[in-house]
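The letters A, B, C, D and E name the chains in turn, as written, and every chain counts its residues from 1.
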Amino acid sequence: MFPLLSAVLATLLVGTALTFLAGKNARWVALATSLAFLAEVAYLLASYPGWPGYSAGLIPGFADQESYAWIHLGWLQVNYTVGVDGISLVLILLTAILQVATVIYSWNETRRPGAWFGLVMLTCLGCLGVFIALDILLFFLFWEAVLVPMFFLIGYWGGPRRRYAAVKFFVYTHVASIVMLVGLLALVFYSGATSFDFASVYAAGRGLMTVTQTFLFLALFFGFGVKFPIVPFHTWLPDAHVEAPTGGSVLLAGLLLKLGGYGLIRWAVFVLPSGFHESQPILFTIAFVTIVWGSIVSLAQRDLKRMVAFSSINHMGIVLLAIALGSSLGLLAAVLLMFAHGIVSALLFMVSGSVHHTYGTRDIPSLGGITPSTPVLATMVMVGSLASLGLPWLISFPAEFTALLATWDGLAYWVLIPLGILVVTAGFYIWMMQRMLFGPPRGIPVGVHDLPWYESAAMSLLVVFTILFGILPFLLVNLIVSSPIRGFPGT
Amino acid sequence: MAFAIVGLAGTRLAKLEWGGWVAVAFSAAAMVLGVLIAVGEMLSPGQYVNAQFTWLQLAGAPGPFPNGISLVVGTLVDPLSALMLLVVTVVGFLVLLYSIGYMHQDHGLPRYYAELSLFLAAMTGLVLSNNLLEFFLFWELVGVCSYFLIGFYYEKPSAASAAKEAFLVTRVGDVLFLLGIFIYFFHFATTGPNGGWAANGFVFTNGSTPFLPVASGGSSTLLTIAGLLILGGAAGKSAQFPLHVWLPDAMEGPTTVSALIHAATMVAAGVYLLAITSVFIGFTANDQLAIVAIGGFTTFFAATMAVVHPDIKRVIAYSTISQLGYMVLAVGAGFAMVGLFHLFTHAFFKALLFLAAGSVIHAVGTQDLFKMGGLRKPMRVTAIAFAIGGLSLSGIPPFAGFWSKDDILGAVYSQLGSHPLYWPFFLLAFAAVFLTAYYIFRAWFLAFSGDRARDPSLPHAHEGPWTMRVPLVVLSAFAVAAGLFIFLPNFQSLLLYGAGASGIPPVYGTSDLLLSGVSVGLGAGGIGLSYYLWGNGRVFVLPEASPLHSVRRLLLNRYYMKVGYDWIGLRLVYGISRGADFLDRYVIDGTVRGLEQVFSTLSNQLRRAQSGVVSDYAAYVIAGLLGVFVLLLIVAPYLLAKLGGG
Amino acid sequence: MSLEELAFLALAVVALATAVAALLVRELVHTILWVSVFFVDLSAIYFLLEAPFLGVLQLGVYAGAVTILLLFGIMVTRKRIFSRDAATGLGPIPLALAAVTFIFLIASVGEFPNSPTPLQTYAPALLSAQLFGPNGPWLLLLGLIMLSGVAGAIYLVREGRE
Amino acid sequence: MTALPVEGFLVLSGGLLAIGIFGLLTRRNFILILIAVEIAMNATILNFVYFAAFAPTAAGLSGQAIAVVLIGFAATEVAVGLAIVLALNRIQGTINVAQATELKE
Amino acid sequence: MDASSFIGPFVPELLLLGAVLLVFLFDVLGIRRNEGLSTIAVAATSLALLSVLGDLGFAPLGVFATLPPALLDAAPTGAPLYAFTSLGLIFQAIFLLSALLVCLASASRPSNEKGAPIFYGLLLLATLGMLLVAVATDLIFLLLAIEVTSISTYLLVAYHRRESRSLEAAMKFFIIGALSTVLSFYGASLLFGAYDSTNLFAIGRATSTVGFPVLVLLGYGFLIAGLAFKVTLVPFHAWAVDVYDGAPSDVSAFLAGGTKKIGLFAFFLVFLGPILYIKAIGAGESPFQGGALDLGPVLTLTLAVLAVITMTVGNLLALLQKEMKRMLAYSSISQAGYMLIGVTIGTAPAITGATMQIFAHVLMKGGAFLVVAGVAALGIGPLIDDWKGLGTRRPLLGAAFALMLLSLAGVPLTVGFVSKFVLFSSAVQAQGYFVWLAVAGLLNSALSVFYYARVLKVIFFDAAPTVPVAPTAPPPAEALPAGGLGYGRAVTIGLIAVLIVAFGVYPQPVLGAIQAAAQHFITVGA
């Protein structure tokens, strides 16, 4: 069989290398590669045969699976194993979309364009790797590999406190990864898995004692949770987002946060069912705290980007809640939400970036009535905000609706918390729009131009997907439900 | 679905310069279709489900949804929706037409027509939804359109603020509504034909009968809660107490918008929601009481605020709240179709009032009643139209309002026996009749009577162009005649809808004559008092010593509810969030940075040991040696003896 | 107590005393004097332990060569630190460290059997057979150490004409 | 031949080591430090000789051989140390180790 | 013994010795051009490396094999002074690699340096000592071989004999080194007293049966202290920072990348036997059982404590360091803590992990110090802040250095990640209390990320000072080729960068060989 996934990886790898070398022409190389990547992903989606089905004790099947020996030491059996199911495919699609959008958005990057585009693509490459890896080491490798380009993206192209933010981001998330790594290693060695492959870990992990499973699950959860990020381990995120360049924020919010959710689903929930079950109360508590905290705090923010960053925390809290429910409906909601949040938060961060370089500030109170001077930008702010607060017909709604439905299904009246928070979420977006877009013009420099074509093109791309999947969510849902979540909880 | 497509197409085309006319044309087409459908429905009562398609499908799995979950989008045309459709398309068309004249000097017209067309499309979609979820989708969409249209003059801070307020308050209602949907959804998930409601996608009907067992009179707590939540949603949209605060402020939008959205159609969606819920699902007895209470109370409550307000549009807005209260009251009493009938008539006369007020505002450029005066002469059409609307509103026969309002009072009266607590709310609603008549004619007298404007700086008033006048005339005609539709048998058949299934008796036209008499008398009394105080350009000033001053202040300040909400919103929630932000920055992140600080301090302390004197280094080596001895000879054996090795 | 034991005790006391004296006297030349006495004293102990070859080696290398090297070093650096060591107090910490080390060391005394096997005597020829036979690599290694030591030391000390 | 008392021997060897360490820690003159190291080295050599004297033949022989090698090694060490002292003295004009603190935090 | 049986196994050592003598001969003859001498040194080390690799059985290098196969991993008979284990050969290869890299980079030293023959002579002698350490099976042989290296490196550190920093470093190195030597030999003498032997196999086998528990423990205590000097375990580490700082950077590279590893191999040799011998004792039992001693757990616990202290303190010290070389020195100390984990656990996987870590460290730390040397040649000061903007002004050099730092931090796709991964995996695999070692190590590596990231930040994100800093070192007399670094350094740094990534992506050849060797080592040792 043709090694399709490796080919996709290789495309990105070669493209990235060429981008680094291309210097001034990097953007063309980057765009070509990104489009090729998108096309390949489209082919992957189209050719996805669906999940072979579920019955008790059966190891989930993956499409396009490849496996080659990598490190074989007897006690340490590591393979290069990749494969996809519906969950990964949706997130890979997100990766491809965001990569194209980011490349287009930063079309006019003048500071070291080769390095910029190369690092952007490297980040996406890492995320793609995480989504297709079916081996613990490979997974962890890509997981960590994402940090490095992001570190440079924030640190070199970022805002005034970028150095602090870059180091904080790197160290903070690295600490979490390390706890996760201990968990993963313990998972392999305590369960007696024969190799680091998902299949082997999956088969062995559920055989562990409940206590062990719980410990392992919590270790993994901490690792994945910081990426989410869960309150109170979230403080790297506002700093990183605020200081990151727009493209960096887009990838950070759009993709990096999703790694946590994906990891939790793939490597913790499925593999350690009884540990998951035991930990559910903790997960619920943290999810609720995260939802409430993210929303409440974002209401108090003056910086547009920081506000969006906290709203990301809020949304990822809902993702966590949906995962914690442990029902197939919940998992569906979680994946949908991740996709939706990826697109919408990317849009919002682009908007924040554009506001910043159009008006020289992102401080909401010092701006006002920007609609007449930059109508396109204002429209994008509106679309993004409305999508983010869960307006029907836009992409977040089906996801949030499914999540709330699942929450009611699993927790009944506890759904009041996320539901109530929806009002607060709406509150800060609407308030922001009132203060920034409407009212008499304030803080508008002379000679302001509306968005350049590449920025509006990138945003329009995202808006198209926002509306497309908002109206036709079954395009995604069909993919997701033809993966193992359909059978969850199974055994 | 055709309407949605028409509307959307209109939206796109309306971006052009002559977009207004395009929008009008499309809405005219929609109106024709709407009328055709309504007529069709009248001629052959009954409902039919048009094509529906699956929007989101989850296969069955063990658990609460053995048959899976399916969310569909489809259309349902039944008498209920036909009636509503008629209102939406007719008023919509007229308002759009009116807009051509009214809005001609505003900038941002393409946006205006686009949003208005989108609104109409969404409203049509809402009316034609065949399931609760689809209903909710459009419900939110109209909310957003309303948000944008209220904030149409976004440069005005007050408009932006009002838009925000409207969105947030209705959002509260939406959230309650959504929760209500969930409860119904799970309650009925697996009951019903074809694998239950979940598997069928929340649809209302299955063929010719309501899909769900009617729960009216049932006592299930869960269903009661669900009903209350639906009521909450409706209260948000229909501006019922305590979520009414946004509607008066929504008058910051163009008057046309107020007429269409905040009087005739969108705000009525809440009532419509209650109606479809009561028809297809049914409320429990406690729910009904709550609905009656909210409706009855709001009716009176809003009317009191309208009594003193100086702003012409806000007076009408309060009146809208009050009238919506009547409709809610009717639904609560078990007469959904009566409520809808009032909705039908109210749409016309309230739109008429708004458009007439708009005409006034267009002419004089202010909304302050106390600055106007004497407009009767230059604006004859408007004055007559406003008067017709006022009479209709006051429930003076034979204007439309009389028939529908009378029906409501009669219907509620007939149900008074079912619960003692119905009485006070019935009385409140009854009292509101008087207030209604008083305040609307206070407005009429202030604006139109007298010889000249009280504020001399106002421009010379003149009537608007024909595009503005025609809708006024047409609506006047409706305001006069719509009530008489009730005597058309075919129209009756629309209102009789569901009588068999839900047990609603046909009460219209058979209401107690005495009741009607008292109500008309109250209305007339209100007009009389109004004339006494304000007629012929008089201005009534409350005596200095009157104890009513405090009441007036209370009313002018809207019972301090907005202040209270602002306090909750700004002081409480924002305060909490500021506090949380502080915690986040200084406690949570402070811990992180504190950890860094701890390590730095440790590092500095340790570095001090690196003195550069080699003798010190040697001392460390010896100390280390001794430390190793201690570990080897004392600590390790002790620990191992305690814990075991390995 | 046998004669050997008495002699050993006496020599041990002298060794400890001279070692302390060598480190404590302020006059550096006196230090060299005490150190040479210490080396000679140890050589006597080797003779007592039936290791005459080692005793001779100790006399030759330590009491002879090393002492002269040290003296040479003092003479070369003397003009700066004319005669006295740069003053440092005895300091409680070094004293404590040394004392505790000592205490740890004599803690093992109880493990030795009361009557150890008698002393053995080896002919120097046997020793030389050892050194050049199976344990030859030790000497080779010593040779390497000396090679690098000498080469480096010469390089360091040589007055370069750079 | 009778055995020599092990207690006395341990006191001697341990004492010499302790004295060497003490000297190393307190003296600041490089040459005195060298002497301290040599005293401790002699304690080590003494150990080998003493243990060799009571060991089985083969082991005893190798013990003495070790002592021989160590004496040679100690001499080399002194030579290297002196070379460093001289070079240091030439550059810094002092052999007081406490004054050579250019390298520190 | 006849000469042929002696020469065969020792070809690498003899090659080096020959090169040393040749270099000294040239010195005597007055031929002191750096280029020529460097060529000799590179040739000797690379030939020796090829020979060792051939002996190890890497297929394409079979022609270079000189060791009779029967000698490799043979079960010891009698009490030999040396034996050839495949793990030892792997260490030889590692040592030779570090020497080769330093020699190669040293080709860029000024060609008219007067002391060049001494430099290469001592360097090769030190390497020779290291090779001999790797074959030792006798305590005295081991300690003497270590001394060969020590004495050579004392003098190497003093190589800049006219610079007080260099001499001061040598003085400190010498004093602490001499003290440690005394301690090691004293410990050896105590063990000799207890066991009547200095053979490591014999000692290892005797630990569980022979009495004198206190004496033996004291002996091991002295040995730990003495050898810890070389490994730079805390608190025996203080010299290392000053010495790495004061020594010429090429020498620092050799010290950090090469010679400190002999201490670790010595730890393997000395402590692994006892650790392996003793079965774990149960709860409630004392390790002192009727005169005999269960040494293994006691040693394990002690070493574990040392390992944790070392990595933590090393990292903490590096955290706020302002000077580049000192920062690298501290980080090198903390890395020693990780490596010690391998000894502590003592299983074949753990030894594999530790050896891999040592191998990786040669590349990363050696490379980093070589970059420092090169950057100094560019006239850039010693402070981290002096490096501002280097990554943007010289992207390739910056990238190579970043790669080394990232590898030190354990970021994936670098050899540093692989080694840490295997090492900590082995700790988890050993289960029990060892998992905590892995946790401690991993948390520490997270701590270390902080200062590596800080350096990266300075190099890449901080703007270069607009006014060029006055170079602290006088600018080189002749501008060196290859961007001011010199060909030798440039090639070496590039080679190291490539190796870091290559073995980071596909470590199987190295890991497989190490794993097999470690397995043999355990089997032979046990």
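We adopt the following convention: a contact is a pair of C-beta atoms (placed from the backbone, for glycine too) under 8 Å apart; a residue touches a chain by one contact, two chains touch by 3 or more.
In this text, all values refer to a predicted model and were calculated from it rather than measured experimentally.
Between subunit A and subunit E, the least number of touch steps comes to 1.
If you compare A-B with C-E, the chain pair joined by more contacting C-beta pairs is A-B. Farthest chain from subunit C, judged by C-alpha centroids: B.
Distances from each chain's CA mean to the overall CA mean are smallest for chain A. Averaged C-alpha coordinates give centres for subunit D and subunit E that are 26 Å from one another.
Averaged Cα coordinates give subunit A a centre that lies 71 Å from the centre of subunit C. We define each chain's centre as the mean of its Cα atoms; on that basis subunit C and subunit D are separated by 6 Å. Averaged C-alpha coordinates put the centre of subunit A at 65 Å from the centre of subunit D.
Not a single residue position of subunit A touches two or more of the other chains.
For subunit D, residues that reach two or more other chains under the stated contact definition are 17, 20-21, 24-28, 34, 50, 55, 62, 66, 69, 73, 76-77, 80, 83-85, 87, 97-98, 100-105. Counting partner chains per residue, subunit C has residues 93-94, 97-98, 101, 104-105, 107-108, 112, 135, 138, 141-142, 145, 149, 152-153, 156 touching two or more of them. Screening every pair of chains for touch gives A-B, A-E, B-C, B-D, B-E, C-D, C-E, D-E. Chain contact summary for the complex, subunit A toward subunit E: residues 69-76, 112, 137, 140-145, 147-148, 151-152, 155-156, 162-163, 166-167, 170-171, 174-175, 178-179, 181-182, 185-186, 188-190. If you check the complex, the residues on subunit C that touch subunit E are 104-105, 107-108, 110-112, 134-135, 137-138, 141-142, 144-145, 147-149, 151-153, 155-156, 160, 162. Within the complex, the subunit A residues that touch subunit B are 168, 172, 231-232, 234-236, 239, 293, 296-301, 327-329, 332, 369, 371-372, 386, 391-393, 397-398, 401-402, 404-405, 408-409, 415-416, 419-420, 422-424, 426-427, 430-431, 433-435, 437-441, 472-474, 477-478, 481, 486-487. Within the complex, the subunit E residues that touch subunit A are 349, 352, 392, 406, 409, 411-413, 417-418, 421-422, 424-426, 428-429, 431, 435, 438-439, 442-443, 445-446, 449-450, 453-454, 456-457, 460-462, 506-508, 511-512, 515. Residues 2, 4-5, 8-9, 12, 15-16, 19-20, 22-23, 28, 31, 35, 38-39, 42, 45-46, 48-51, 53-54, 57-58, 61-62, 65-66, 69-70, 72-74, 76-77, 80-81, 85-86, 88-91, 93-95, 97-99, 101-102, 105-106, 108-109, 112, 115-122, 126-127, 130-131, 135, 138-139, 141-142, 145-146, 149-150, 152-154, 156-157 of subunit C are the ones that touch subunit D when the two sit in their complex.
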